[in-house]
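You will see subunit A twice below: alongside subunit B first, and alongside subunit C after that.
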Partner chain A sequence: MSTSQTPAVVMDNGTGYSKLGFAGNDAPSFVFPTAIATKGATGGSGSGSGRPAVAQKPSFLTGGAGPGGHLSAKRGTEDLDFFIGDEALAAAKGPGYGIDYPIRHGQIENWDHMERFWQSSIFKYLRVEPEDHYFLLTEPPLNPPESRESTAEIMFESFNCAGLYIAVQAVLALAASWTSSKVQDRSLTGTVIDSGDGVTHVIPVAEGYVIGSSIRSIPIAGRDITYFVQSLLRDRGEPDSSLKTAESIKEEFCYVCPDIVKEFSKYDREPDKFQKYVVDQGAGRKVTVDVGYERFLAPEIFFNPEIYSSDFLTPLPEVVDGVIQSSPIDVRKGLYKNIVLSGGSTLYKDFGRRLQRDIRNLVQERLEMSERRAGVKSSGLEVSVITHKRQRYGPWFGGSLLGQTPEFRSYCHTKQEYDEIGPSIVRRFALLGGPGGTA
Partner chain B sequence: MLLLEYHSLLIHQILTERFNGPSPASIDQVIPDFDGVIYHISTPETKTKILVSLSIKCYRDLLEFGAMKVLQREYGSYIVEPEAGYDFSLQIDLEALPAEQEARDDLIHRVSLLKRNAMAAPFERAFENHYHLASEASKFTSESAPSSSDTEVMAIHYRDEEAIYIKPSHDRVTVIFSTVFREETDRIFGKVFLQEFVDARRRAIQNAPQVLYRTDPPLEIRGLPGVQDTGAGDVGYVTFVLFPRHLKPERRDEVISHIQTFRDYFHYHIKAAKAYMHSRMRKRVSDFQKYLNRAKPENADKERKTASGRSFRQT
Partner chain C sequence: MPAYHSSFLGDTDARVIGNFAMFPLRTKTRGPAYVLPLLGPEDDEIHLDPESESYDILDETLLLFRANTLFRNFEIKGPADRVLIYGILFISECLGKIKPNMTGREAEKALNTLALEHFALPGDPTFPLNALFAPPKDRNDADTLRQYISQMRQELAIRLLSRVYFESATVPSKWWLSFTKRKFMGKNL
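On to the complex of A and B.
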């Protein structure tokens, strides 16, 4: 069988960016925006066929070719005229193309566009024959099973892919944390803090299964930090306060401090903490922007949201603690012991350390209180936040890690099984790399 | 995107990055390509020495037809001993790159065309044979020209179940693809698609090579090892007849690239056609749903009253 040696294709399609690559590699081969530019300013009217919807009434007899249309007149190739990723953003700036983001809030909204996005990803970028490869796709937690089924329909019926596994992003992020030296036992129990561009999720996972009822979302993520940096720059009246500048300042300079008040006085004492950022505005113009307190204030909105937002006020450590407290009591210990970070907005220096300290303080307080009440000494509770090198593309890396194991194929649903049972087959998947797996 | 690219986009991207990047970093990536080709791009010794290895199913076939000559011509001094598990390896030393940007770009481009060049050997050989035969044949009058049945047929088993057969003769080069469809729907799409190929010549593009499609082995390859006529018709044979005007030396490279990607192109378009069908179906379903919604009586259970103010109740 020709599929026996080919590496599995791992695709992590997120709201903002798609990560594509092959299992066994240590980084995704392609990372580009999940965007598609199609002809016509439809921008996602649902038809997506690239040509005007001509049929005014059901035209059974003309076979859907529109009134009076002969099939030979429809030999155009408009449906192939589209771009994805960075090329889509470039094309959308020119005339004639409309851009659409087929994934909203982690879930696929426009299946037409997604199907073509995949088509181009597979044939143009990854250059593989889907019939020869197994595919590992990801889905957000609480993805409706119907959405899974539609994904399977496209993967099996359009692309005839050899096998398919759809994994939950949080579980893959846990698997990615196995590369950290702090992790001794490769368990699939833990709390995943997944902070991307749009939203931050706190997801408890027990033995590879997501505890759906305890998931909490926080409306503070990467984009909000950028906006916050931007507003600070504007308040100070810096010469350049575009979103792009704010974003690069965020990525280059920001870190998490242990205590804001002390940090402020530290800045007063050490003026070299203030930095300069040179913005190239194009056409040879360069301006210098001062970078000051936003270096530690920006990521601080996770810990003190009141400095940024007036309607969401719970700090991240409290949310994490709340999530774990609402989970079944017998897994809480495991959840505290293995708090895994994932996504681009968790990359700030000392983010994990601060989180661990804050959560530990919360837990300690509660323990002391119960000790006083019960009069019995507690054996203590280990809290540990895992940071590792693969955080940025955590889910993708976890997928790559699991996709290269020899057992991976036996967990997949194959084309034959799909043909036998139908789309409902993907409602259940065997647990990848779970207890008992040698992964 | 109508046509597929010939080169590996990823190799192109990685090398461009490395050639122009400030500091070398270690790489270890496995990159598959169409038809079970696998590249391995790594930096085994030092970060400045990039090793690009290629594993291709039909390497033995290709060697037999002079692949080494073509690869030697294209890559020359970059060739090194093949990495274990792979068929062919190149090593690029970042410290010994050509100085000019153009030469670097050319090198990147050539490396990313590794698969194409490896597969090109039999085609080139067939074309050479054709030139030779043509010059031989020109010595004869058209009636007494030697029959072309005695030239060799080159078979490249580039996939498990599929192969390319190339047969040069004095007035044409015949390229035959055997295709297998794993699925019924694909076969039907494929048939329609190939019919278009056959018709294209009649309708618009007179210069196109002649294309024939049949489900039993064509005469040229009948009797070759590995070609069985099962009679079931599950293997299709697509024949391209390249005439001398396609075989002019200045067009040669492009023709080879085009014809190599035929299978991938073919399958890509079958899949794209299905995607198009699906979007039409989705559109139709949503249209019908609109009709259904419109057909719903707006206030079905409105209370109806008699003149005296009493209401009827259904029991």
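On to the complex of A and C.
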């Protein structure tokens, strides 16, 4: 098979989950935790079975010398004894395996584990020959160029892949929103709200470039919502208040309401708003958990962090407004007009509507104030939050969309170019999906 | 969107003692409060229309309780907000007295005792919110305020019971009791 017909491989490795698949597809072929279980070593670099500590850099980087040297010498069959994804979680429950999450806060921390993670992803899950495929990988905003180089070294030298493009997740999330009917012009200007399990980022992007100085992150995301649901279940003394139950209730029942006082009254008037969730505790034991106010109170912590956290108090709409206000003045209009949601914790019903309403109110207030001060009527400012069907795996889907375009390959760096110039070649990539593209 | 404020803030006709407003109440208990018309049997007490002439600040307190009690910060905008704070903290105290195995009768007894027992007024050393509430200026005012707050407490207890035992007269609503552990503004009475 020649490379001219094969689809590009799209891999989005996040802190929590990795999304793998082929460009042109609607959804990733594999989604599993970015976790690796290795023999003996627990928590990454410790050595459990008398083996030398796992090196932090890929073995080939240190050549024969250095600590990586004797690691490569010992690479026997035991080195192949590892699992990734859900299998890793299962293996780590048994004896002998330790689990490690090679990506922390979006960035790759343990390169040896990441290399093995990719190896298994490519050969065991996707089952492709890397020399036949171009690869589209993702990186978080503000990723250091050094870690991009290390990624390229692994992709080209260990796996010998045909070509490589590394895109910023936020930019791909913008591209993913092009599927929404609300988007008229396919611009790469907008504000991305990316909320996963651990942290929520607000990232302004102007014409495909991230405005790094204005990025803000919020320590409230999916996991906190789960904890909050759990605490409400416990306050009520429900028969099962495990994290797993709280998570299922969060995913199945939660939504965003326009006003919590009105919503409480609605529950008084309409008893069918209260729901029941049946937990199978195993061994044939089933208990029923009542589901009530947490349905709308849990996602409310984005809009009223005060009810959950005592140290972080700024509501999400205010953070978004602040991010846009701190961006250069000539792009603000575009940033307000295209606020794009991405990630699992933005999927609650009416999340986008509430966010749009709250940001609009903030903007309106400021406009009225400046109108009063200046005495001139403002022409108004459009605020629009885009909700679309590909939100959950937004960055992956954006990658899939751009990876299938005819010009994608010309934006990649090929193995040949890499051999000629070296790892520094990946410090720069031409902007994919920019003006004139056919995506 | 921070905690909710009282809609009675704009109502400046009520008498103010210290900085606590004495709004008219819809109640059968005796005291200094101006009495609003009582509800007929056809009126829905729990979802009374705020435009109704019988709607009082206690209706509002019960309406805002579940939302506001989740918040730890509250900016006082006027005397009406102080009535709201006192009411919310008193409801919390009542919920603390209702045990999950109490019937409506038993709970009624417990709350009645609580409402009538001796309580601290603003300015008393044991009053927990002295930083926010001003003391009444003389003995006379103090007596009036005590009688007014006593009316509030009794009426709130009655109305709270009708909500907590709305579905069943023998089992309290666990949805209301789940708010027992929350502390509005981090305080309790």
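Please note the rule applied: the second predicted complex is superposed on the first by the 404 of 439 C-alpha atoms of A that agree within 3 Å, B and C clash if a C-alpha of one lies under 4 Å from a C-alpha of the other, contacts with A are read in each partner's own complex, and residues count from 1 in each chain.
Operating definition for what follows: a residue touches a chain if its C-beta (ideal position, glycine included) is under 8 Å from a C-beta of that chain, and two chains touch if they have at least 3 such contacts.
Keep in mind it's a predicted model, so treat the numbers as computed, not measured.
A.B. asks: Looking at the overlay, does A:Arg269 come into contact with subunit B only (first), subunit C only (second), both, or neither?
C.D. replies: second
A.B. asks: Thinking of the overlay built on chain A, is A:Pro315 touched by subunit B (first), by subunit C (second), by both, or by neither?
C.D. replies: second
A.B. asks: Identify which of subunit B and subunit C touches the larger number of residues of subunit A.
C.D. replies: Comparing subunit B with subunit C, the partner touching more subunit A residues is B.
A.B. asks: So in the superposed three-chain picture, is A:Glu306 touching just subunit B, just subunit C, both, or none of them (first/second/both/neither)?
C.D. replies: Second partner only, subunit C.
A.B. asks: Once the structures are superposed on A, label A:Arg236 by its partner contacts, choosing first (subunit B), second (subunit C), both or neither.
C.D. replies: Second partner only, subunit C.
A.B. asks: Contacts for A:Glu129 in the overlay, against subunit B (first) and subunit C (second): which applies, first, second, both or neither?
C.D. replies: In the superposition, A:Glu129 contacts subunit B only.
A.B. asks: Tell me which partner A:Phe22 touches in the superposition: subunit B (first), subunit C (second), both or neither.
C.D. replies: In the superposition, A:Phe22 contacts subunit B only.
A.B. asks: Under the stated touch criterion, which partner chain does A:Val261 make contact with: subunit B (first), subunit C (second), both, or neither?
C.D. replies: A:Val261 contacts subunit C only, not subunit B.
A.B. asks: If I apply the document's touch criterion, which positions on subunit A are contacted by subunit B in one structure and by subunit C in the other?
C.D. replies: none
A.B. asks: Could you pull out which subunit A residues touch subunit C in their complex?
C.D. replies: Interface residues on the subunit A side: 232, 235-237, 260-261, 264-265, 267-269, 274, 290, 292-293, 297, 303-304, 306-307, 310, 313, 315, 358.
A.B. asks: With touch defined as at the start, can you tell me which subunit A residues reach subunit B in the complex?
C.D. replies: 1-2, 5-7, 22, 24-27, 29-30, 46-49, 53, 55, 58, 64, 77, 79-80, 82, 111-112, 115-116, 119-120, 123-133, 154, 157-160, 415
A.B. asks: Flag every residue of subunit B that touches subunit A in the complex, lowest number first.
C.D. replies: 1-2, 4-5, 8-10, 28-36, 38, 159-160, 182-183, 185-186, 264, 267-268, 271-272, 274-276, 278-280, 282-284, 286-288, 291
A.B. asks: Which of the residues in subunit C come into contact with subunit A in the complex?
C.D. replies: So the residues of subunit C touching subunit A come out as 1-2, 4, 46-47, 63-64, 66-67, 70-73, 100, 163, 166, 174-175, 177-182.
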